[in-house]
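Look for chain A in each of the two complexes below; its partner is chain B in the first and chain C in the second.
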Partner chain A sequence: MDSTKWISKKVALLGSHAVGKTSLISRFVYQKFSDKYLTTIGLKVDKKTVEINGHRVDLVIWDIAGRDNTSEVPYYYLRGCSGIIYVIDTTRDSTFEKLDLKIKELQEMVPGVEVVIAANKADLFLSEEELDSEKDTVELLMQNAEFVKTLGGIPLKPHYITSAKTGLNVENMFLGLANSMLSSEKEG
Partner chain B sequence: MATDHILQEPEKQKLEQLRILLFEEQIELQENMIVKIQALEEEISVPEKFEPHLEPHFEKHIEFLKANFPELFRNSLAKALEEQIAESNDTIINALYPIIGKMITRYIKAELEKLSQRIDDAQRDLFSIQNWKLRIKSFVTGIPYRELLMRDNLVVNMEEVFLIDNESGLLLGHHSFNNLMDPDMIAGMLTGIKGFVEHAFQQDAQDLETVEYEKYKIVINTFQNFYIASVVSGTISPDFKDHLDEEVLDFLKSVKLSSHMEVTASLQQEMSEKLKEHFHGFNQVDQ
Partner chain C sequence: MKPNELKHRLLNDLSQVVLFNKSGIILDSCHTLADLKSLIGKNAFENFPFLISARESLELLEPDMPGQTYVGVEMNEWGLDGYFDFELRLHPFHPDEYVWLIVDQTQIYRYFKEIQSERNKLRMEMEYLLTGKLDRLGK
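What follows is the complex of A and B.
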């Protein structure tokens, strides 16, 4: 492997409808958020270049309208993916039902793919004052009984607790995924 | 292309335009569907029964709805639409899959028919001096009148060439005559629409060979591990298509690309150079 590298990777967002897939992308790529819900029609592809330890990765990010079951995800959407972000809505139990099975199915459908789970809309557990305060958001969430209970009810531990609204962990998540896609390549 | 490409506003607009145009039928159809779904949902409350009922029912009504849609529904629809999409999202999309692909092909066919219509109209315009000149030229040269008319009316221009990985839709190389949009995003979108149409047409074994938007046509040549998408403005004559096919085959001979390649900036650069070698003189030679 070269000392520095510049590569392109396909990343797809998955999860039920209205969990915030499009919002996470638009936060990450355009630093924007809107409260309005417009379901994704057809397909949208975005791109952002990130830097990891001196390597550059062009993330080509695919977005479609959500599906409840992995079997409903069209094959052309998944093929050639190096990374998948599976988004759940922490305020709707139905979006993380059988999450463990779904992730397993995805890994079988796309061998070698890196999957991260994003527990989104975490901001909705906190009050305006809490969000405005200086305190660390994740710490506040960990002290929030309702949130902790929700987290405990998710069949598979999420990798990132996110909010497309406040930006919490959005950048971290994409960078983390880019990083693991790079390292899995070194191994392979 | 592997550059820090920050999209400018006009580029974003163009991209959004392309997206809307690619999915125009889908958006329109989705709107039509919602109205019917509301009615059907009342009749059929069992989901298993719901889907098989949907398709034949719609086929019949599509034409009617398309023709009468604005008058019938415009006012009452806007609000109901948003709510319905949110609620029956999956059902709508699943029901739409088999139909949308057909719609896209129909759209392309319709466009071709329109072109042919324009030519027929011109043909009927027998009194125009221009047309008499062409008729004489046709008689003298033996080139069919229709063909001459096409050549006369249409200027064809190669705008961009993309080399794209079949699997991932990642851009392998790109040559642009005037830098229209972000090539990485176009590559992804094209691969998506291609996959979408081919998926919808699985049974009919049809390939997506052209996509149209605005004054552009995208000609697609698919090979085993990658495909070449040429963006052309104007209407493609048989001559132009032949020339394009030749150049594409020539290009193929000069590259070796395997499946599951790592897509690096240096590969993209190498491929872009090759594309440039093969396609740069394209417009000059053709005209």
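What follows is the complex of A and C.
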């Protein structure tokens, strides 16, 4: 690790209230999940170091209190962000209304930022038996008519189907975003 | 004691000022909330992830411009454990230094967190009721 390049990247999680932003961070950083819902008051900053292609990357993760409109986030909160994870709750349509416009707005607010959409709480479409089974969770979700209908109603295709509760795609999402951020840095 | 003196005394116990330069070196602090004596001369950017990630925002600050406020920041560093409002601005007399005002709001935000969580849960349940997703309730 000593000879590797050290990089710090700021990542913000945005989305409406109670979509699971804090839970996704808690799963990724601390490998923990709690069923008890407690809202985020303003902001919490966490850090996790990952290794991407031989580089040590400090992901400084901003958990920003839920807002329905991205324009309500002060501009200086997002300044310097290399990545944004926009989280939606697949069980609540209101959390992905006008998603396309919100993402466009974010890309205008933070030029060059990598934005990924996380379709969270996917576990709520499956039974306990299905979740406990050995079967591939995403495959099970794709066979679930209600979930497929929900996905079809989201204005933009989510990059990741996630569950902070089961851990589905949480690590993949953060590492995938870290990879994209490093790639765009090289291109830039 | 005059009201003004009382005000200062009451607010004094709830707040702290940290001065650091543009490279992040901590120059001084009043140590009211957190004892930062061992960090004087050290780099705040390396010791507090929030600051390193706010560095680009700090570069936007201009003299005599209102500070940048970050409300309800959950903090578990430097022996602190609670919710704090931050204000970051340029030093009024030394524009090459930053002033970081930290105000302890733990008592009010702990209460507010409970209330707001209940409100959000109600909003969520209302949405499930209105969209016929009653099976989501209690999951």
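We take it that the second predicted complex is superposed on the first by the 184 of 188 C-alpha atoms of A that agree within 3 Å, B and C clash if a C-alpha of one lies under 4 Å from a C-alpha of the other, contacts with A are read in each partner's own complex, and residues count from 1 in each chain.
Throughout what follows, a residue touches a chain if its C-beta (ideal position, glycine included) is under 8 Å from a C-beta of that chain, and two chains touch if they have at least 3 such contacts.
If you're wondering where the values come from, they're calculated on a predicted model, not measured in any experiment.
Chemist: Quick check on the superposition: with chain A as the shared anchor, is it clash or fit for chain B versus chain C?
Modeler: Result for chain B and chain C: clash.
Chemist: In the overlaid three-chain picture, which partner chain does A:A145 touch, first (chain B) or second (chain C), both, or neither?
Modeler: neither
Chemist: Based on the superposed arrangement, let me know which partner A:W6 touches: chain B (first), chain C (second), both, or neither?
Modeler: A:W6: touches chain B, not chain C.
Chemist: Go through the superposed model and pick first if A:S94 touches only chain B, second if only chain C, both, or neither.
Modeler: Second partner only.
Chemist: Quick check for you: in the superposed arrangement, does A:H17 touch first (chain B), second (chain C), both or neither?
Modeler: A:H17 sits against chain B and chain C alike.
Chemist: Could you say whether A:E185 touches chain B, chain C, both of them, or neither, answering first, second, both or neither?
Modeler: Once the two structures are laid over each other on A, A:E185 reaches chain B alone.
Chemist: Scan A:G80 for contacts with chain B and chain C and give back first, second, both or neither.
Modeler: After superposition on chain A, A:G80 lies in contact with both partners, chain B and chain C.
Chemist: Figure out whether A:D68 sits in contact with chain B (first) or chain C (second), or with both, or with neither.
Modeler: In the superposition, A:D68 contacts chain B only.
Chemist: Should A:L124 be classified as contacting the first partner (chain B), the second (chain C), both, or neither?
Modeler: The answer is second: A:L124 touches chain C but not chain B.
Chemist: Among 25-33, 133-141 or 259-267, indicate the stretch of chain B whose C-alpha atoms run into chain C.
Modeler: Residues of chain B that clash with chain C lie in 25-33.
Chemist: Which residues form the common part of the chain A surface touched by chain B and by chain C?
Modeler: The answer is residues 8, 10, 17-18, 37-39, 41-47, 58, 60, 62, 65-66, 74, 76-77, 79-80 of chain A.
Chemist: In their shared complex, at which residues does chain B touch chain A?
Modeler: The touching residues are 2, 4-5, 19, 22-23, 26-27, 30, 82, 85-86, 89-90, 93-94, 165-171, 182, 184-185, 187-189, 191-196, 198-199, 262-266, 268.
Chemist: List the residues on chain C that touch chain A in their complex, please.
Modeler: Going through chain C, the ones touching chain A are 49-50, 52-57, 60, 68-74, 83, 85, 109, 112-114, 116-117, 120-121, 123-124, 127-128, 131, 133, 136, 139.
Chemist: Could you pull out which chain A residues touch chain C in their complex?
Modeler: 8, 10, 17-18, 37-47, 58, 60, 62, 65-66, 74, 76-77, 79-80, 91-94, 124
Chemist: Where on chain A is chain B touching in the complex?
Modeler: Those in contact with chain B are residues 5-10, 17-18, 37-39, 41-47, 49, 56, 58, 60, 62, 65-68, 72, 74-77, 79-82, 185.
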